[in-house]
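There's a structure below that I have some questions on.
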């Protein structure tokens, strides 16, 4: 697997600086506060509106759906800048990263014209409904089911760990449209767009260990989903979902969730002119630099249509362990007293990083599951 | 451990088990005082452990004290158990009177608090454990000719509430010319160091108990949770976590026991720092492995795991931590004439 | 699992100093050279003779068999001192650690009277024959077989990875005395004492990656083993072998194989008065201190007859990873240029440690196998 | 990579595969010169890669050079491939004449070798790669007014044979008033640093190749080896090793490719140190995991694994290593006015 290297064009560099200067201005105006893990836990619909006004939601999508037809690399740069400054982009994140590409690939014209422009205007946020109370890593075992009725489907069941479902309008939901067949575990699953404000849908918060509301259980009781809200082909839900995984796994959000902490310790060590600690920090910098090269290489390869399942899964497995390791490394470089409301930014970012870290290597595929996937792909190919 | 000690531990554990539930521990996050727990531990004499009977305590030796502290850690006890006991223990050790009023402490090897000629204390302390609930504070104050251990009333102190990562009260306290209740004779550097050693030792015991709880609870989870049609303890990658959890737990347990014996025999100068330094890795490994095994359920507030992991993440940055202890031990090693092997085998 | 703490009595301390001063004198006299991993790769029959003259082989065994009837803790101290100074005790190691205790527990009076005194005089060295070319970690699959004949057994097959078989006189050999039964994998195995100089035995060296001769393949072609060389009960070989594992797994040799390197870097950092590096070194010291407490706790518990399977396996799993990590840590503390014949002791110990390290977590049960054993024991009990 | 480049790499690999067997690599340990390999690589023009045609070389660009060096690492080539090519590359870069005699080099940022007024070099060098076989040495000598790059004949040098952990010749060489063959103009600090950067870059390429070989070979082994009735790649704990091997290999591969492009574009000041620092962990993880997967067979001389792991363990301590590069990079970071993010995204 030979990956492209991570150079950017002049235009791309220019775009990066444009994004950066916008974000720095917003930060100075206190539109948002830098925080670690903000891409998933920093849900701020007003801020998403501002991003939409820049034309930065659905950046790569066709103009006719409200997009800018920019390259995936431009979107990569945009995303990186959000992460580096710790901007609260969680509200539109899923719709931008997953729903848009899914509909562009499998959606009907009607679905695209209806949803995509609304997403780009930050009027319409999406959640993902995959896990269920008893499924965990074993996604093929989902049991939320949809029964065919006149003009649509009746959905019953429950999803769990759906991030930000309380702020989202719709949910791409994986449901069983044919009975479970143990010899063909991945068949009989379908993807539907569920309106979270429909009758029969109830959203129950699950408090994160910090006490914050973050993810939810979502219950369905005879929820009617019209036929025009089916995504792609009935029974192909598993395959359709998998196709997007490389995008989801190899993005900069698997490396940079705790970057603001790294930035802060760098600034402190410079102030201290602390050679000894800076020597240690170079190891983190080298790790980050090389992970970023890999992630960018995968992004470029994806744009060229290459096969990237293994390196993409590697970015997720290694990158999330890296972002998780940052607070543990930082505490060896200086003394800290992490609290969520600390005055010192270092202490605050430490607290955010420590408390959010456990999720990094669980969400979106546990490290254990990824190891298995990587090994199987390596052995077979 | 003698049989009588084992009996004592079992009795203690029964009390803790009965009265300290997930909901009781939740009270801390809700900013409430777990009065039942306080009352029951007090009624059972557990708060007076290791204070001599003549000073109004319940007697007992260091082994009892450490057993109690481990238990406190194991149950994430939602009251200032360690702080109360340690404060009184220090008071008695330095010939001041223990108290049965609520008391906490603040120790630093560079006291930023002064004691005036007329016996008034002024100074500010960040992060005082359970400060808002305490009637008294034990601390070190710089007075004429040296440092003193002082007991100060808090009713006229300025208190700004704060919390550590576990939601436990860690309050900013400011004292302005508060008359001391009692003060010790001048405390020299070695005595101050000794207090900090003792504080670190008690913390290590609490942490050992917390680690043990996480370990046991994670093992239990692997026996209940199924994935892909099997109990998860049957997967090799989970077994690796189990082995690492077991390893770190037993290592720390044995380190704390050895440290405690060293304390009894007054050869604890290096054993306490060594334990504290070693605990650092245990906290990192155990909290990470336990969360990884639990998956999403473990990061919910509903599940009890975070009560223990958040405490570990808090405790490791309170008091004198591993960085300072490493520097201390490092200094001794640089000055030693012994070989490493002699250092390890000479008591 | 509550383990005893690691205090020693005055007499034990005295014994330690006695051993230490003997070894230091021998070192000064150049009877041996300090080396890492010497307990298994430092085979020096002359040196073993000197140890025997001190009465230090079979230290715990009954006097009537040439032993000293000292405690297991005395033996622990003795062993530690060998390891700390890196003395070449490999020749008698297996006989002292494993054969003696095995015969004392399961041997006949005749076997004891014959072998034990010879072992204590360093006249008789043993090897262990467990692994076979295709068995690896799956010891139950051994296929070397013994067929009953008049007055004894005829052995055919081969053993591999037998350390020092070329210097040993006998080998405790695990053989199949009944056909493999997949429902009872561990039955049908027996332990026999095989004379390595017997007709039909051939020993073929396997060079270690350093090029040194270290382990061997041993082939058996109709080797006759008389009935009086069977250890314990026919068919009970697996159980008998297991009983000794706690001793084998939890000894100081699972922690201290690279100790001379640690000692040397300590001395160098003191000379340099290198604070920064010494700060880092304290972490290694704390690890070693705590592993040693654990190992000693297990040793004491063993002497009291307690159940120690889990902590013993933990000592092996954690201890060998620790000794393996020492060269990797040391190279972060100072610059080195490791070569086997370096003048600088640090470089020489580094070379020995690096080249011998890969074996630490493989020999005597791989870390992967140990994890499984530990987890199963923990779950069941 | 362009198609023509790919073709070149495939052709190279065919030659290496055919002529460099385990037995050929064993020759190094046996102290023998692998003359066949040398001859064949020379005949195929591979030893003159990246030397301009006008200087008698085979042409080619840095990408070709790096492909060749990776191949050298992948096959543990038993001749001074990197040393020969690098020496000539440096000579041409600093306007001295490349040579087709056997040549090696020694570089240090604090040269301990002097150049007298009449052009004679004196000094001693430990661990010169393949010194005993070389006719010439390229090194830095301190002369009047500054440092010079010099080419010195070795026929009158004192050579004491030594070896690195992989058994490759690393000889002590002493020169006493040896007349230089050629010398450069005065070399300033930046030029010297640039040479050392280049040397580190070439080493990184060799190491990347070696890592790749270990990875591929270990994967192959897991497909052949059975334990407990299954291929070992089916065990989760082996899968974890596989994933880590794959991860480290692909990370280093991509780092070296990025470093190489930076070199082409002359913005390699930080990219080379970053690659070298990152490689440290890859060497540790890959060598440990590969040996662990192979078990006992992998530590035998009979198996080829050690030819690659021993080379990694040697190369990481040769030339300017990660400690010094960390210090260097650290100095730049301490002086920078950029944020970390600017540092990472500005070229």
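Going by the order they are written in, the chains are A, B, C and D; count residues from 1 in each one.
One rule holds in what follows: a contact is a pair of C-beta atoms (placed from the backbone, for glycine too) under 8 Å apart; a residue touches a chain by one contact, two chains touch by 3 or more.
Quantities reported herein were computed from a predicted structural model and do not represent experimental measurements.
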{"item": "Mutual neighbours - chains that touch chain A and chain B alike", "value": "D"}
{"item": "C-D against A-D, pair bridged by the larger set of C-beta contacts", "value": "A-D"}
{"item": "Chain centre separation in whole Å, for chain D relative to chain A (CA means)", "value": "40"}
{"item": "Inter-chain centre distance, chain B versus chain D - centres from mean C-alpha coordinates, in Å", "value": "52"}
{"item": "Set of chain C residues in contact with two or more other chains", "value": "368, 371"}
{"item": "Contacts with 2+ other chains: residues of chain D", "value": "235-238, 240"}
{"item": "Graph class of chain-chain contacts, one of line, ring, star, complete, other", "value": "other"}
{"item": "Residue ranges of chain D touching chain A (in the complex, touch as defined)", "value": "1, 219, 222-223, 233, 236, 238-240, 242-243, 246-247, 250-255, 257-258, 261, 265, 273-275, 277-278, 280-281, 325-327, 329-331, 333-334, 336, 339-341, 343-345, 347"}
{"item": "Chain A residues touching chain D - in the complex, by the definition given at the top", "value": "1-3, 5-8, 16, 80, 84-85, 259, 262-263, 266-267, 269-270, 273, 275, 278-283, 285-294, 297, 310-311, 314, 317-318, 368, 370-372, 374-376, 378-379"}
{"item": "Of all residues in chain B, those that touch chain D in their complex", "value": "235-237, 240"}
{"item": "Residue numbers on chain A that touch chain B, as the complex places them", "value": "131, 136-138, 160-161, 206-211, 215, 324, 328, 331-332, 335-341, 351, 354-355, 358-359, 361-363, 366-368, 371"}
{"item": "Chain C-facing residues of chain D, complex", "value": "29, 126-127, 162-165, 167, 170, 225, 227-228, 235, 237-238, 284, 287-288, 291-292, 295-296, 298-302, 305-306, 309-310, 313, 316-318, 321, 323-324"}
